[in-house]
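Chains here go by letter, A, B, C, D, E and F, matching the order in which they are written, and residues are numbered from 1 within each.
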Amino acid sequence: MQTTELTSQIPQLGLTVHNLWMMVSIMLVFIMHLGFSTLEIGLTRSKNTVNILFKNMMIVAVGLVTYAICGFNLMYPGDFGCIEGVLGFAGFGVGPAADYDPLTYHAVDGIGGTYTYWTDFLFQGMFAATAATIVSGAVAERFRLDSFFIFSILYVGLVYPIVGSWQWGGGWLSSFSIGESAGFHDFAGSTLVHTVGGWAALVAVYLVGPRIGKYVDGKINAIQGHNIPLAAIGVFLLWFGWFGFNGGSVLSADPETTSKVLVTTCMAAAAGALSAVIVSLVLFKSYDLSMGINGILAGLVGITAGADQMGVMDSIWIGIIAGAIVVGAVAFFDRLKLDDPVGALAVHLACGIWGTLAVGIFGAKAGMDQFLVQLIGLAATGATCIISSLVILLPIKALLGLRVSEIEEIEGLDMHEHQMEAYPDFRIDSH
Amino acid sequence: MQTTELTSQIPQLGLTVHNLWMMVSIMLVFIMHLGFSTLEIGLTRSKNTVNILFKNMMIVAVGLVTYAICGFNLMYPGDFGCIEGVLGFAGFGVGPAADYDPLTYHAVDGIGGTYTYWTDFLFQGMFAATAATIVSGAVAERFRLDSFFIFSILYVGLVYPIVGSWQWGGGWLSSFSIGESAGFHDFAGSTLVHTVGGWAALVAVYLVGPRIGKYVDGKINAIQGHNIPLAAIGVFLLWFGWFGFNGGSVLSADPETTSKVLVTTCMAAAAGALSAVIVSLVLFKSYDLSMGINGILAGLVGITAGADQMGVMDSIWIGIIAGAIVVGAVAFFDRLKLDDPVGALAVHLACGIWGTLAVGIFGAKAGMDQFLVQLIGLAATGATCIISSLVILLPIKALLGLRVSEIEEIEGLDMHEHQMEAYPDFRIDSH
Amino acid sequence: MQTTELTSQIPQLGLTVHNLWMMVSIMLVFIMHLGFSTLEIGLTRSKNTVNILFKNMMIVAVGLVTYAICGFNLMYPGDFGCIEGVLGFAGFGVGPAADYDPLTYHAVDGIGGTYTYWTDFLFQGMFAATAATIVSGAVAERFRLDSFFIFSILYVGLVYPIVGSWQWGGGWLSSFSIGESAGFHDFAGSTLVHTVGGWAALVAVYLVGPRIGKYVDGKINAIQGHNIPLAAIGVFLLWFGWFGFNGGSVLSADPETTSKVLVTTCMAAAAGALSAVIVSLVLFKSYDLSMGINGILAGLVGITAGADQMGVMDSIWIGIIAGAIVVGAVAFFDRLKLDDPVGALAVHLACGIWGTLAVGIFGAKAGMDQFLVQLIGLAATGATCIISSLVILLPIKALLGLRVSEIEEIEGLDMHEHQMEAYPDFRIDSH
Amino acid sequence: MKKIEAIIRKSRFEEVRKALYKVEIHFFTYWDVTGQGNETEAHVYRGVSYTASDIQRRHISFVCNNEYAEPAIQAILAAARTGEVGDGKIFVSEVLESYRIRTGEQGSVSLKENR
Amino acid sequence: MKKIEAIIRKSRFEEVRKALYKVEIHFFTYWDVTGQGNETEAHVYRGVSYTASDIQRRHISFVCNNEYAEPAIQAILAAARTGEVGDGKIFVSEVLESYRIRTGEQGSVSLKENR
Amino acid sequence: MKKIEAIIRKSRFEEVRKALYKVEIHFFTYWDVTGQGNETEAHVYRGVSYTASDIQRRHISFVCNNEYAEPAIQAILAAARTGEVGDGKIFVSEVLESYRIRTGEQGSVSLKENR
């Protein structure tokens, strides 16, 4: 073959490689939903297992479909037709534009096109369902299934993509700057995914109230999860999936950046685990595996906003602090009688905030200006999420109710909503 | 380095990328065997768990070895020495030809070589064991282990590759056409893998008979699976694996095709889940997770034949219909007293047929001619599979028997065939 | 774009591809830790489940952090400043050298740079924790948690990298040769990972003694694992991870080599499974799933040293022999009253030795000289590991003790060290 | 000495526990059983709806001195009742002797508080 | 009133249930127990063959009015027998009092059908 | 005939089994129960420390001819004792009749060894 002929294949070859990495990342983000599922059922009681699995499985389906219907075009509207920088919509359904060329669809300087329209949609779609899953964990064991799905459809279909568009869709937040700072920085979604899920979880937990027996006569009771091995499987799979969550957020397979992102991600997770375990060893004189699990997730959520900005030591520090935060936050939310069976508030909300702020404290962008930008970004998205959650949940509460009946809660949602048991062969000593 | 020197590396680089994607797909198809394992044990009783795991684990080993011995060379005979277009055999063992050059071994126009001989063998080998696994699920809880393995070795070693060679090996089916149609189309194996397994399952289920207690006095009893979380893990892993099953069937990492295949695959799975859940909500007034699980698989099997031909909406429709079919098919097979503990017939056979036909109804190839070609392909492979299954199973039935003894079935295959329990520490309330 | 401009991107593109494969391998090796976790808890009693999960989860964290602090720079010291070919240290912490260029950091002839510094670190770091995990399994159900972690930190932080440096760091072993032989060959770590873990496990098992009730009045009792499905999940995930363990050890995505390595790996695993099952069927008249599991791992460990040297038939033979060895070794260690709940000695030590020697017997390097080199390499590393383990463990034994109290062992480590149960909802019939 | 055995709904267990505390029954043993009785439960599994009359219940058993029996029975009757079919049963029988393993005490003293 | 306790093979449970139905015992409670007796079971685990004498059995317990006891015992004896070592035992003891929690009924009426 | 019921620590079970063997009690049935008593257990879960008074115990039950009862009780008392709060209890009651299902034997002969 001629040299020029061969050479003309290079951009296509580049696209193939980068797109391949993005497809691997899609799968990894997909498998996080299994991680969330087993984590959540592991940390809750056996009598609600089918219910939680149902929610987690269907949320992927619902998430993908709503994202196809409108989410994707709300999040990446191209131009903000409705409100400049705040709201745009590119129409219902998915499909590339008429002049679509994968070689230029998402071209990076010096690299060329890095993925196709389809990869873009699927990667973003897999992210979308995550936010609802966070809520699912926090309100587990007492939230009505129908109310949850109505909420999820609206939240994943509208709120998540609109807030996301402010930054990743090229909206106002992405160019918002103070002084020297070069705009809000949220690499893979500490704010846009984790706190967006976290704020909704906070509102939902507040509105639905604690589980029966959790706070009795001013005492905090532990309601143990029923299957620690499943929880452990969950956390390993989430870490595994985070390789794609963060690694894919590079949006190309650029070797130096992606590999460094994987290193910072892993170091933060490792440091988070150690720190949470050591802090809880000191406080509770016990090697608390449940806190180790939360520590890993804390480190992962914490590094997510700045995984591309940090050095190895930065990421270790972010992990250490995240691990300590999560231990404190679990106790803090318990003190406030916000009952969160799986620690979703502590992990996703508290450490999502920490991770966002950490970009202003550690790493390449650290500085007072950046810190303020991060803070304002958090405040703006937080306020929006809280208000939207209220706007969605209050009418549902009035019309359908958020909470299952007392007898249903005591006997388990599985038997009442699904007429099915998770473990029919096993003798269960339900609590 | 000189430009020409560098340029000469391009074909090799292309091979490396495409081959990498195929290797990733191999792993994903491999992990489907774990998905099948946990799905099947989850949906059956605890007393047969070791038995099912044993079958699923060993079938991978048996599948790979028989495929190495003769399967690969039956399926891809190069030329059909024995019966033109129907039967060819390239000899025992594996190993590339003398003039083997990976750059040309499987070259695609405009792309170049996309994988090596070894990748080819391993990808196909991982597929092969799938067919036997489908049977394993359908006849679970009462089929003799030795009879099952004899059947599997013959079916995976001979029938699966011979039928496969008709299409993927370049046999008569691949060029069979009516009118305008450009030949039978089975992208990733709705027919060649799923119905091939499904027909054998049908015959085996019929011959072995239902489990004790399933159909009593004309009433259909539910025999619940013992571990729904394991079933859920299974379905997530199968979806995960399907990224490779379908994605790898592109046979290159071509960015546009592969990513679009992933999108159609995921949309069909999501639509299948929603449709199966909604249909069973309407029919049974219950959020039936077991049907949601089957719905996902139905969507996946349904899209498999035409994942490369469909648009987003097509794939959603295929999924919706597959989800409805699976609910009906479960009831239908139950009505016929074909006892299939995991729903393999409904998923793999019914939706495999649906997926194959859907190529004639939706997508780029839709048309009456294509529909007829698909139908004839189905009929020809179906007849072959049914007859071969009978030819293999009837002598086994006569000589060894297909079914374990009644006492063995009641007390569980684990204690009798393996003298081992799956959960020795747990109090089991076996049913 | 100009031809030359485009052409100049080729080395970078190559780096991207190869690095991508290495990143995939990192993830796969990471997920092996989940595989080890579920395998080990599956094969032990429920009362020690939290303890084992805690160890396996924290060991990843500890492994990564110690490897970042000193392990990496001990294993790849660049030059051996301290003792030529035996001990070198490039300083604390991680980070590339000043003149670091990913295009040349690890360049392979005819391929170019294949991975970045970060990929290198993370891949090696994921390997490191494996050695300690092997020990964890062998001493499960009776070893003190604190003693285990002190041991692990020292062993993973110092012994593993120093021994590793002899071969992979370019030390004396890598160039040690006898007659014709071209140096010790250990492709992916039969010796450097599996026996290094195995020898330490041997010493630890010997020092800590058997579990109460294992050897009573000269009789060997079986102490069944509590959750066979988890063990099966573990072995599937380990096989899955081995695609990266061996595939990544090619250190590039070279299509021919990587895909062939995957084939030899899978064939050895399949052959190991069949051979272990058949041997134990003959010996014990039972389809022993627990031996099938060990057989797969035996095949995988056995092929690890020479996965790049073997043909298909070689790898099948290696697997068959490994499968037989593992059955014999389990009995052998039991005869010696070395109580190893998960069979780590039989799998990692016995088959690690077998795999190392097999390089001298089968495949491209087979020959008497090579066999001797392999034997000497094994002896040297084995002696070092045994001595170091003693040097670390004996003082720990004297100061803290290695073993939990009798009551703790009987009632389970979970309640005593973690004050947590693994399955609070289930009726446990602990044994 | 009397042995009181009560088969109750799991969902009433916490109430019963509290009620027993009030009548100074601090010691008892319980386990989960399956009850076959009038009550049935609706199930759905893979499209088959069916009712099962095997329902999980909790079995509480304790031995007490005679004077404690009647109040304990009344306590359980009140706390375990929902009024729906399936509330369960209480059975009373005679026990000949009782021992506290820790101290070797025998007879009615072995049933009294003693730390 | 009599309490009948039967320890049977799990595999005979369905037969026993049917037999009890025939003699109008519609109420009973059962749970799974481990029996230590003559029978042993062969196991293999990771290459160690051993026999265990701890065997899972089902414990059925019910209280009935005196006239029902004998037919019930005969029904169980017939339905639970396989003739192999390990078929289990039946024990009969006296019960002093019985209550239906739902209605508070006491005495033999509490054991009669009442929906 | 006497029925002996012992509620013991799981960790003492093997000792008790051996002790019963020595006094020729080769048959018994056991299951796991939760005991509510004096003893409490410390737990930690996600940062909440708490104590539970529900503790898993093992319930052993057997019926024996009268002359075996006293040695069996002494055997259990000795083997199950640790001296710490929570060692458990033994209860003795009267059994009216016993049957061996396999043979249909009735009365005290049904409790004797017979293979």
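Keep in mind that, in the parts below, a contact is a pair of C-beta atoms (placed from the backbone, for glycine too) under 8 Å apart; a residue touches a chain by one contact, two chains touch by 3 or more.
Computed from a predicted structure; not experimentally measured.
Listed here as common contacts of subunit A and subunit F: C, D. Common neighbours of subunit B and subunit E under the contact rule above are C, D.
To overlay subunit A on subunit B by their CA atoms, one rotates by 120 degrees, a value rounded to a multiple of 5. Equivalent interface to A-F within the set B-D, B-E or C-F: B-D (over half of contact pairs identical by residue number). At the subunit E-subunit F interface, residue numbers used by both copies make up under half of all numbers present, so the two copies contact each other through mostly different positions. If you average the Cα atoms of subunit D and of subunit F, the two centres end up 19 Å apart.
One simple way to say how far apart two chains are is to compare their mean CA positions; for subunit C and subunit E this gives 52 Å. Rounded to whole angstrom, the centroid-to-centroid distance between subunit B and subunit C, based on C-alpha atoms, equals 33 Å. In subunit E, the positions touching at least two other chains are 31-32, 34, 43-45, 49, 93-94. The multi-chain contact residues of subunit B, meaning those touching 2 or more other chains, are 3, 7, 10, 13, 17, 20, 24, 224-225, 227, 233, 286, 288, 290, 418-420, 423, 426-430.
All chain pairs that count as touching, in label order, are A-B, A-C, A-D, A-F, B-C, B-D, B-E, C-E, C-F, D-E, D-F, E-F. Subunit C makes touch with subunit E in their complex at residues 220-222, 224-225, 280, 283-284, 286, 288, 290-291, 294, 327, 330-331, 334, 343, 429.
Looking at the complex, you find that subunit E touches subunit F at residues 2, 6-8, 31-38, 57, 59, 73, 76-77, 80-94.
Listing the residues of subunit F that touch subunit C in their complex gives 10-11, 14, 32, 41-45, 49, 56. On the subunit B side of its complex with subunit A, the touching residues are 3-4, 7-8, 10-11, 13-14, 17-18, 20-21, 24, 28, 45-47, 224-229, 232-233, 235-237, 239-240, 243, 247, 253-256, 258-260, 262-263, 266-267, 269-271, 273-274, 277, 286-290, 292-293, 296, 311-313, 316, 423, 426-431. Interface residues of subunit E, counted against subunit D in their complex, comprise 3, 17, 26-31, 63, 93-102, 104, 110, 113, 115.
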